[in-house]
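The block underneath contains the structure these notes are about, expressed in structure tokens.
A, B, C, D and E are the chain letters, set down in written order, and residue numbers restart from 1 in every chain.
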Amino acid sequence: MPTEAEDSEPVSWQSDSGVSADVTRGERLSELFEERVRKPAIVAWADRRTRVGLSILAVYVGMAIVAVFDLYRAPSTNQAPQLVGPFESWSHPLGTTMSGVDLLSLIIHSTPDILLMIIAGSVWATGVAVVVGTLAGYKGGATDRVLMSISDVVMAIPGLPLVIILAVTFNPQNPIVLGILININYWAGLGRSLRSQVLTIREDSYVEASRTMGVGTPRIILKDIVPNLMPYVTVNFVFAARYVVFASIGLFFLGVLPYSVQNWGVTLNYAYNGGALFTWEAAHWLLFPMIAIMGLSLALILLGQGMDRVFNPRVRTRLAESSESTRETDDATEGY
Amino acid sequence: MGHYYLRRTARAFVTVFLVTSLSFGLIRLLPGGPFTLLRANLLRQGVPASEVDARIASLQNIQPDAPLWRQYLDYMGAAAQGDFGTSISLDEPVAQIIAEAVPWTVFIVLVSTVLIFVFGILLGAIQAYWEGSRFDQLVSGASITLMSVPFYVVAVLALFVFAYQFGWFPTAGTVGPTVEPGLTMEFVTSALNHAALPIFSYTITGIGGQALAMRGNSIQVLGNDYVEVARLRGLSDRRIATRYVARNAILPLYTGFLLLLGFRLGGTVILEQIFSYPGLGYYMWSALESNDYPLMMGTFLVITVALVIGVYIADLTYGLIDPRISRGETDAY
Amino acid sequence: SDNAGSDDGASGDGGSGDDSGSGNGSSGPEVREATMVSATNNGVPTNMHLNPIATQNYDDIVGAHVFERFVAYNFETQEFEMAGLEDWSVDGETFTLTIREDLNWENGEPVTARDLVTQFQLEKKTAGAIWDFAESVEEGEDEKTVVFELTEETNPRLLRYAIGSQSDRIYAYHPVYEEFLDQEASAVQQFEWEDDVVANGSFSLESKSEQAWTLTRNEEYYNADNVNFAELQILQRGDNTALQQGMRGGELDAMSSMFAPPNIAESMPDHVQEINTPAKWGYGIVFNHEHEHFGDQNVRQAIAHVLNRELVAQNAGPRTKAVPEVATAIAVDDQERWLGDQLDQYETYGPGTAQTDTAAELLRDAGYSKNDGVWEDGDGNSISAQFATPSGWTDWTTATDTVVDQLNSFGLDLEIDSKPIGDFYGDYVDSNFGMGAFYWLPGGARSSFPFYPLRWEMVCPDIDGGHAFPTGEKTLPAIDGSGEMTISPLEEIREITSMTSDEEATEIIRRVAWHHNQTLPFIPVTEKQEQTWISGQKFNTPESDAQVLGVKWASQWLPRVGEFTAAGN
Amino acid sequence: MSRARGADADGDASDPLIAVDDVEVHFEKEQGLFGLFDEPDVVQAVDGVSVDIGENDVLALVGESGCGKTTLGKTIIGLQEPTEGSISYRGRDIWETKAGNTDLSFDDIRSSLQIIHQDPGSSLNPNRRIVETLSEPIRLTHPNVSAGERRTRIYSLLERVGMTPAEDFASRYPHQLSGGEKQRVALARALLMNPDVILADEAISALDVSLRVEMMDLMLDLQEEFNTSFVFISHDLSNARYFAAHGDGRIGVMYLGNLVEVGPPDRLISDPQHPYTEVLRWATPNLALDASEAADPPMRKIDIPDPVNPPSGCRFHTRCPEARAVCKQEQPALRALGDDHRAACFRTDSDHRYWESDPIED
Amino acid sequence: MTTTSDRLHRAGDGVSDPILEVKNASVTYDDGDTYVLDDVTFSIERNEILGVVGESGSGKSMLASALLDAIPAPGHLSGEVLYHPDPDTTVDVLEFSDAELNEFRWAEVSMVFQGAMSSFNPTMKVGAHFEDTLKAHDRSVPEGLEFAREILSDLYLDPDRVLDSYPHELSGGMQQRALIALSLLLEPEVLVMDEPTAALDLLMQRSILLLLEDIKEKYDVTMVFITHDLPLVASLADRMAVMYAFELVEAGPRDQLINDSSHPYTRALLNSTPNIDAPLEDMRPIPGKSPAPVNVPAGCSYADRCPLATETCRESDPAFEPVEAGHTVACHHWERAAEAIELTFGEAAAVGGDAEGDPQ
């Protein structure tokens, strides 16, 4: 009965069906595009929340582009008459401030820094959290204990007060630094919950299988663990971003954060102190930055709610291949 | 691996210790050192520059010239005894200022967090029960909208409308100026009246997130077999809703409660400033304004310790609330 | 319901109608159960105290009601009016103060020379202003006179400003302050007078809470008849907006000083009256004179030329900000008086125009050139700096925005650096700055005598001379444009102290003012009008052009002179 | 079929493929609330087990849930480090090798010992397509193979395990496969490593009854073709019998961490020597209705004792209908009964003092 | 399709005193597009044990839920479920009001779910579940608990410990037995068990099966035992029914159904089941896959996999036909099944001395 093993390769590598399995570079690239770009996009777009969220976000990105390429005049004092009301003049659609600054240009030119700040902040928070969470969860032992002790301590420090003290101490002006600063300890809680997820995933058989095959730790983390954390990570990326928006603007509003450039929070502060709250003719000065803040944060929340689906292969295949005839096995019919 | 509770207690202490050390380190990093403003103040009052240093030393009992380790030991030793030095700007023991401020902050944070919890859970549960209904959609929409409004925006608007325009609420402070502290009706009403707007601002902006979380959890729990079985066993809807669904849906939120608490404690720096509500955040802010580093670090430490204690209590009690979590298993917060 | 004003936002509605029964303790007018409500943002009352000599946490707004001032300066008449003093006279090397005969402490004891001597002796320890000129102080021939021995014959203006400028108070109740006489200065500076405060002003301290000070009418006050209401409440408010809203909404009856931009001022109800008095204080630009670019006089002059200061004033509050005609350390209203016919010789730097051509020429002369829209020195370093500004002072931030916009569009490379007040001062003290916003006049009545601001801009004690202005001998073009003059500005200004006549002083003032005008230790941008607010809703208030409004602060002064009385039903 | 065991071993092949020598795996449990000063609880998952596995061999482990089958299996393929005893692969101690103390590279051992898990749902990464999952072993064993070549191999193997059209299946995600198909992919993945031993841990238990035979047949076919040995874990004696008999291997019966009986399937089932084996046999449903007609269970208690404090002596004595006083005190060792059949029960020894001992009364 | 029931006469299924009757029960999802239970008709004899087998996804759980009118939303159940509390009374379960239904469930017909682990509220002690149930049905709690203790003891559990434990503190087998005790708490007439032992290992399964038999005697209850594991019910049931693709395909007395099954599917199933005594060589899998609920083929749903399938099979749905007394089958070619598909465990069965033997 034993088959004579002519060589160490007992498997016949000849495909019986004669299917050509050759793949060209181009095919692989287009497959990659299909997998990483087109399908996620389709999934994202299929959800109303994501759709709305993305559309709103696009407006902000548009504003940032306008600002970066200087397509709209930069804000400057006395560029216009003072306290022009909104929608009164086409050259200053949102009206002007008490020092004659065009409000629209203020809002537009504040956008790039704010976007930079929230991206920096959330990349930092989620990045550190993923590294810490996966390392601690996967490595276990002393690494785990050390990392978790650190994050316990970090997590116990209330964010805003720490940020304020650090801001006063280091006086950062760069939006990237500021974003990181605001989320300086945001990673800790996230890292901890990622760790517990990694602990579960680590026990999943497919990770054990990879380990049995001798796949290296970095590759296991990268291929087997991190992708499964992605839905959670994206959602938290968005929440971290929202936190940066809230915290930074609040602190700018209060005048705690040092500033050198325009920011909605600073505008809000000026408006608030300039009596925009109780004089009708200046109300727009307060209103538009508020709308800008809430719009951005609304977009982020909607994205957060819709995004986790993008990383769910079930949803992805269902939506992206709904035309193709694949046999969908339902949960209920899979074993018992 | 040792006793969970002991370990947890040790962790709380280590955390406080490390944060205290951190605060010591941060003081040394402050630009211009801690005495700049005091020096400037004295100079403005016309004190000759030659006398200023001696004056500072006599005012604050600080030996800025001692070696760093000595300062560190002194600082830690004093902090351990609850002595955070003397406030430079207010010229009073920091501990005393904080002792007066703490109850108010804790009051606001606790009450608002509890309210958020209660209302969020109620709303979320009802939404889950009528999943997909008009009510559900409406509340979900409202929740998301509320989530996107920063609490300080609500605070500013509420202060303007309800306090200044309508005069329904006081515009500042913790209790009326003539009210004697004590467990009198007058004191309590006045305190509530003063705290109403800050609590409102926190609560209204927090409910949405909580409701959404509760809704999600409840929907998940509703899909569990034991709910179906309970229904088959003929239990009343109320019993099922409370004991079988709500309880199991709320438990996972308990850990979120802690994060909320932390965010809210930190947020008082902004909130109390808006309402001129002299709690911890208010003093932290005023300390910041005047480079009053002992007060700044004192409030920072106390806010941290309050959070550590909150988390600690929650960690210890979580095991009691959720029987599944036996010791050592908690990844609470 | 309680009649505590702050609680329900409307003051005195509980008892204002009650116009009988009270005031039976003494004769005089009927005292109404009304409460005047004012506010401070000095700090939480429980943390504050009423020892005016202390370094910190003295609540001057409350103190102003509790302690009588020596004299009051009326900015309308530019005269001192007697208050706690009956008379002050200078005679050679003696300076005599006579206390009002009927000035008593609230317990009925008279205010005596002994109290004042105690006060001045304690102030000697803390370097009070008068001790720049006096050698000793003693009780005079009767218990109401105090006599200073001066070090030398002194300019009487300086003496008067020394005790009259900042509305200084008579406060040192001997039994309380006596113990500090033989202690270190720090002892009295740390003393927090909170309990059993003995008043001699129109109101006595009743109590204080976290929220408010409660003062009651002082029946022993010599002018008590003028005060027809029983209570004064001073609320604690966190920020300026809260004060504005309080004034607007009728919560407050008076605010001694409260900034409100024009749109807010205009939105005030009709019964709210805004009273403007010159602050002799205002937004200016300070340079670090050791900075590689700003230490260069040409650069400073160029900057002064570029600035359109009137625009700054317009943005920061056109009604309350005045622009000095001539850029030198003399307040707006005083320039003509002191510079006289020479006024138009001084450089104005174009207060309402951006004289960019002149500025560019100055910079080119100094070796700068414009590259890519930015001015660079010979080494290719652009004129760039952080422009420091305090984050809490809202009208200042607006001014800074405008200034920086103007300068940047001319080709400087400035970045606004807004900081909490503490750090803001700190950086200046440490000379850790290039240029920034800072007040260019020391403030107070004395600032109207140019000796003070001229000297102040050079030594700037508020920042410990952190701007490093060189005060040695300098050669400048002469005032009339013919040839040159040499001047040691600080030495010359000091000479004024011993000059008894204004004529002599004027000569020096003009020379030093010219020096400042040329070298620009500061650039004066705007001078501020103080805004005092009173509400006629429940009180009778004076006509808006009444001279009595020229005394600062009207909210404190008017009640004691009977110009702010509780209205009938 | 060669069984590298005992007599027929030649020269350098004298070492069995895997030799398990007196292996013991104990787990320390986290301490309880008031247990700070007590000895930590120790779960004796596997205790004193010795067994060899030869080339092209099959060892089917059966036993109740929690008796240590998985732990022993993982120990055999070097995934679980034994707390005592040794595991050798072709004569080299695996854990010594891992520590770098032998001449063999651990990578060789690693790829030689593979696993298929019970739960088809979690054995494949839900985020990777089948083709990606299957590329991994080739990438590891043949780093130089081109992408196209890799695909060819994967397709052919998929066809071999019965998943046609291979191309279609390869491009699916795991959730698009049925349980049986997932298990086939897991098998393919293990096979691509070209292993010497595959641990099939309840690999068929989660499948529908009607699919089990099919899956076992597939594994057995491939065992011949690929020359691998199987450690086949199951709690069902009839499955174990089917697999072991077809694979010409043995069945090992485990009870509370001990191997209590090992032997060829037919012998073990027709003539069980250990009372626990009989219990298992009783518990196995049978379509032959008379045999299946519910008889009283041949044991005294239903519930398995806590592995933390296993009973003294023979661990089965608490439930054994034949237990006598001596069983409480002494632990029986595996006794050879000829023909590869061994059992750990005093009753196999007619001279044992068991026979004089008193029966246990509950 | 509706004709099938008409042809099924009472005598045909050998039930003389039914306690529950299901007539033309269908369960649909997606507004009637997806049949997950397709026109099932059968009855349950008072005091019998009925075993229902079928592969995963064949609709067994749907059938179980249908008996209690408890199809999970948004499923829709149509047809009739008749309950006979005594031989002369008939009520239609589907006509019950909510209150009546609440009383009917658990008190008359109770159910043990697939997966005991998830049938208990994890944050409530087991005892509290018993109390809840008693209170909901207005029974005396102390008496009820006394009874519960008795059942628990009968199930070889320590009543005090179990009642005072949280579910996670019990092993799977213990939870399962506790759940059985809970289902018997109100002394129901019928106990429906949906794969009550699937998650347990064989030893425990068998032990519980034995207990069930005792329980049935002691508490006088009718049992419906649903499983995919044919040999398991075979040892327990009096009568058996086989489901395939949402339909019932064969029903009959246990012995007949095992030894003389007439449906090709039943026979294939028997052959594919690993059996400890059967000759190894003859065990063989059933080729092909069962259809998904959306596209149940017209005609016999087993036709695609059936070696006997003809055009008729693909075109028309086979009706139930009586094979012997009480043994019915839905197959066009049932007569040929026996010879076409040989039962492979027969030898062993013969060795076991089965009198009826293999029909061939």
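The rule is simple: contacts are C-beta pairs under 8 Å (C-beta built on N, C-alpha and C of every residue); 3 or more make two chains touch, one makes a residue touch a chain.
Keep in mind it's a predicted model, so treat the numbers as computed, not measured.
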Pair with more cross-chain C-beta pairs in contact, given A-B and A-C: A-B
Taking each chain's C-alpha mean as its centre, the one farthest from chain C: E
Rounded Å distance, chain A centre to chain C centre (Cα mean): 51
Separation of chain A from chain D, taking each centre as the mean of its C-alpha atoms, in whole Å: 46
Whole-Å gap between the CA centroids of chain D and chain E: 33
Geometric centre distance via CA averages, chain E-chain B, whole Å: 57
Junction residues of chain B, two or more chains touched: 31, 160, 164, 273, 288
Shared-contact residues (touching 2 or more other chains) in chain D: 178, 208
Multi-chain contact sites of chain A, meaning residues that touch two or more partners: 168, 171, 256, 272, 277-278, 327, 333, 335-336
Residues of chain B defined as touching chain C within the complex: 31-32, 36-37, 39-49, 55, 58-59, 88-92, 97, 100, 160, 163-165, 167, 170-179, 190, 193, 273-276, 278, 282, 286, 288-292
For the chain E and chain B complex, residues of the former touching the latter: 68, 70, 72, 102-103, 105-107, 110-111, 113, 115, 118-125, 129, 132-133, 136-137, 166, 168, 182
Interface residues, chain A side, partner chain C - complex: 76-78, 82-83, 98-101, 168, 171, 173, 255-256, 258-261, 269-270, 272-275, 277-279, 281-282
Chain A residues touching chain B - in the complex, by the definition given at the top: 149, 152-153, 155-162, 164-166, 168-171, 189, 192-193, 195-196, 242, 245-246, 249-251, 253-254, 256, 272, 277-278, 290, 293-295, 297-298, 300-302, 305
Chain C - residues contacting chain A, complex: 240-241, 244-245, 248, 260-261, 263-264, 266-267, 311, 314-316, 386, 391-392, 394, 397-398, 401-402, 405-406, 409, 415-420, 423
